[in-house]
Amino acid sequence: MSISQPPTSGQRTANKAFRLSTFAFAWLSVALVVYIVCMITWEAIPAFREHGLGFITGTTWDANTGEYGILPEIWGTLYSSLLALLIGTVFGVSVAIFLTEGFLSGGVFALLKAVHLQYHPLWGRLPEQLEHLLKNLVELLAAIPSVVYGLWGIFVVIPMIRPVANYLHEALGWFPAFGTPLSGPGLLPASLVLAIMILPTIAAISRDALNAVPNKLREAAYGMAATRWEAILYVILPTSATGLFGAVVLAFGRALGETMALAMLVGNANVISVSLFSPANTLAALLANNFPEAGQKEVGVLMYAALVLLAITLIVNIIGAAILQRASKNLEEVR
Amino acid sequence: MSANIHPSAPSTPTPDTRHLEKSLRNKQSLFSFAMSAVVGILTLLALVPLFSVVLMLFYRGGKSLSFALFYELPPGPMQEGGGFGNAILGTVIMVGIAAAIAVPMGVLAALFLAETAPDSRLAKTVRFCGKVLTGFPSILAGVFAYGAVVLLTGGFSAVAGGVALSILMLPTVMLTAEEALRMVPRKMKEAAIGMGATDFQCVWMVLLPTSLPGILTGVMLAVARAAGETAPLLFTALFSNYWISAGGNVELMQPTASLAVLIYNFSGVPFQNQVELAWAAALVLVLLVLTANLIGQAISRRRID
Amino acid sequence: MTNAETMESTTTNTPQHDVVIECDIRELYYGNFKAVRDTYVPIHKGAITAFIGPSGCGKSTVLRCLNRMNDLVRGFRFEGRVNFLGRDIYDPAIDPVAIRRHIGMVFQQPNPFSMSIFNNVAFGLKLNRFKGNKEERVEMALRGAALWDEVKDKLHKSGLSLSGGQQQRLCIARAIATEPEVLLMDEPCSALDPIATRKVEELMLELKEKYTIAIVTHNLQQAQRVADKTGFLYVDTTEGSRTGYLVEFGDSDRLFEAPQEKYTQDYIRGEFS
């Protein structure tokens, strides 16, 4: 008798069940996203009927009078995110350049060479190891929970920048950005911490973008007698510009939705101010602060605010992903 | 013939070669040098927060770290002592619930993406949804769980918290599992299929065991992220000063404490003891998250060997 | 023996001051790997010098030595000297960037930047802070590279939209736009079809009126067609490693007609038969 047999009916059923269940779960994950969007929209509809688009331009939030508006939160969200983005981009792209263009490993190699250890079996691996370590350290920044950053912000960042901020206010108070003193929480400390939180995102995606620039372009630039920075500024950065831009947009999406650091540091004040030191509020922080104790009425309004946040972050994220896709297509051409 | 662009040396027997020499007076060299310095300094500065956070955690959190923290309940205002035993348990339970939802769902969806129909329209939609969820603000996961669980069941609960966290875990699990499944060499799969294995047998006996380390790495990364999340728990699990179990049986439908929310609550109070506890909890939370991260990386490193 | 041979050919044929670059490599390392040894080559003004030899013998390495492109390779170490205008370019006081302004390079793979054709050619002008008429310069360079007629209507299209052969000529135009004294070309035709190769060869013969050219090629016929001087490099495997060195150097006619070294004879005969 042969060992080989056609699959038993049990095996056939198991196979069918398996295929069906993967199919079902694939659908389920799509349905989940649709459900999330629909549910938030559905819950927001009553509040939308009541407050209409005036909700977005209103500036008061008062549960007693039933007057609701989120303009200060939208302003605070955009202000803090853009400020954080500015700081995070400068640092994140610097880190990416520092890691990809061989500054660290080249420098360490030169140092080792000075003491003739560059080919030592142990010391000789130092340049690569340090580069790896630095990359991991930057990634570690992303692993720390945001609530821990918030705690750190309250007890380290705010006390540290307060004297500087208040000095700036006193000396240059006529300048709108320094228009108020920093009494504690405020836009600047919140944005600083937010910048730290998005830095790893920018650094990681920018690093990929810079690494994707083919080496032959670097050679071409150096062969044309470009200095290192001429090569970076005229060739490497322009070639990877789309990818860098995608990194910035995705980081912007992260910043818009980040909650805890802002809820803890921004001051939760319903004001619109251009001052860096003024307390403010953001959409995510509004949700975090008001949801736990919200009455039935307020939940509807908060759902409306959540819908606005959802719409903004969704659009920004989709744009960011589309840009990155374009970037990888562009680079294929160069190769 | 037109003039040379750069000052070129005449072909006399001893041409002047000073223009070939390095000099910081040369504008371009100076600029290059300055830019390198700026980038180096900015990179160093970017690491300052990391060291500052770690230092503060060990300094302030380590100071009040004691064994009692791990089994005592949170203290009230003005109270001395206390701990966060219930918060650790709550975090573990909620992350467990989240994993119980996200891992099977993510892995099965990943099997669909990598095996059943990799190039179908549905697969593209699923991947798109995965990407959307990756950038999904964590607070909105909380809003969703509030609407879908809290409003429905009529109260804050560990289950609601777990559901919120599972939404944040799902994309990580799914996308890394797909990648891990795709890394399995084709010839292995073909060998199994060629011997007459059904798709399911092939997946179960070849594909999953081979890609298990990769899948586990994704799971650990997702767990690490979920353990540190605060925003989705604020108004789904809320907080509680008591143990989640009452008289032996675990109560999953009660408000539940978590480390992250404890840190948030205690960070804003004027009571010294609670603030110190927040720092200690932060240290424990960071160690927990880093351990999960390290385990994930260790697993993926073994796979490479 | 090799050195004696090369010295003889330089002294008999040309006066010494006609040598633009005098390259004397005693030992050259990548990390701990000795890639080239004992190679003495004079590059003569207004002539085309070709390097031939089997793959991996260090032709590219020698060529990249001449404008310090190897400085980009970490672990590169060099003993010997390369004189340009009577000055050792490996002197610590020398700026490698300044050297590359005078000694340009064209690479094996066409590598235009992802910018317009015009900006590709004007790149070197930008680096040199050129203040004059850029349009005129770019046109001159493109004409010099025999590409003008093909691209004059689409100067603002991306350099990547060109064909491989056009891209390579674009790279040549880019290199000659700043009028360097010397042009180094590393297998410039290896990515091209025979017709494009022809064009680039004709171009080289035209360019040598104004520029000194050094070229690496795998194609012996090409070396014979265009080069005035030819150097043959070979890999020495006797020491257990693969170290390249110069076996023979001299006028191309003589080297191809009557090679004096056995290795050269074998290599040339093997290639032609």
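In this document, chain identifiers A, B and C correspond to the written order of the chains, with residue numbering beginning at 1 in each.
Just so it is clear, contacts are C-beta pairs under 8 Å (C-beta built on N, C-alpha and C of every residue); 3 or more make two chains touch, one makes a residue touch a chain.
This one's a predicted model, so the numbers in the text were calculated from it and none came from an experiment.
*Asks:* Relative to the centroid of every protein C-alpha atom displayed, which chain's own C-alpha centroid is closest?
*Replies:* Taking the mean of all protein C-alpha atoms as reference, the closest chain is A.
*Asks:* Where's the contact count highest, between which chains?
*Replies:* Greatest count of contact pairs is found between chains A-B.
*Asks:* Tell me, please, which chain's centre (mean of its C-alpha atoms) is farthest from the centre of chain A?
*Replies:* It is C whose centre lies farthest from that of chain A.
*Asks:* As a quick test, compute the distance in whole Å between the mean CA positions of chain A and chain C.
*Replies:* Distance between chain centres, rounded to whole Å: 48 Å.
*Asks:* How many angstrom between the C-alpha centroids of chain B and chain A?
*Replies:* So the centroids are 13 Å from each other.
*Asks:* Just curious, how far off is chain C from chain B if you go by their C-alpha centres, in Å?
*Replies:* 51
*Asks:* When you check chain B against every other chain, which residues touch at least two of them?
*Replies:* 28-29, in rising order.
*Asks:* Note the residues in chain A that touch 2 or more other chains, in rising order.
*Replies:* 227, 230
*Asks:* For chain C, give me the residues that contact two or more of the other chains.
*Replies:* 97-99, 101, 178, in rising order.
*Asks:* So in the complex, which bits of chain C are touching chain A?
*Replies:* It comes out as residues 31-32, 67, 69, 72, 74-75, 97-101, 104-107, 109, 111-115, 123-124, 126-127, 160, 171, 174-175, 178.
*Asks:* Which residues of chain B touch chain A in their complex?
*Replies:* Listed in rising order, the residues of chain B that touch chain A are 28-29, 31-32, 35-36, 38-40, 42-43, 45-47, 49-50, 52-53, 56-57, 60, 104-106, 108-109, 111-113, 115-117, 122-123, 125-126, 129-133, 135-140, 142-144, 146-148, 151, 167, 170, 174, 196, 198-201, 203-204, 224, 227-231, 234-235, 238, 260, 263-264, 267-268, 278-279, 282, 285-286, 289-290, 293.
*Asks:* Which bits of chain C are touching chain B when the two form their complex?
*Replies:* 17, 45, 84-87, 89, 93-95, 97-99, 101-102, 125, 128, 130, 140, 178-179, 181, 210
*Asks:* Please name which positions on chain B make contact with chain C in the complex.
*Replies:* 1-2, 4-6, 8-9, 11, 13-15, 17, 19-23, 26, 28-29
*Asks:* Mind listing the chain A positions that touch chain C in their complex?
*Replies:* Those residues of chain A that touch chain C are 102, 105-106, 109, 118-119, 127, 214, 216-227, 230, 234-235, 238-239, 330, 333-334.
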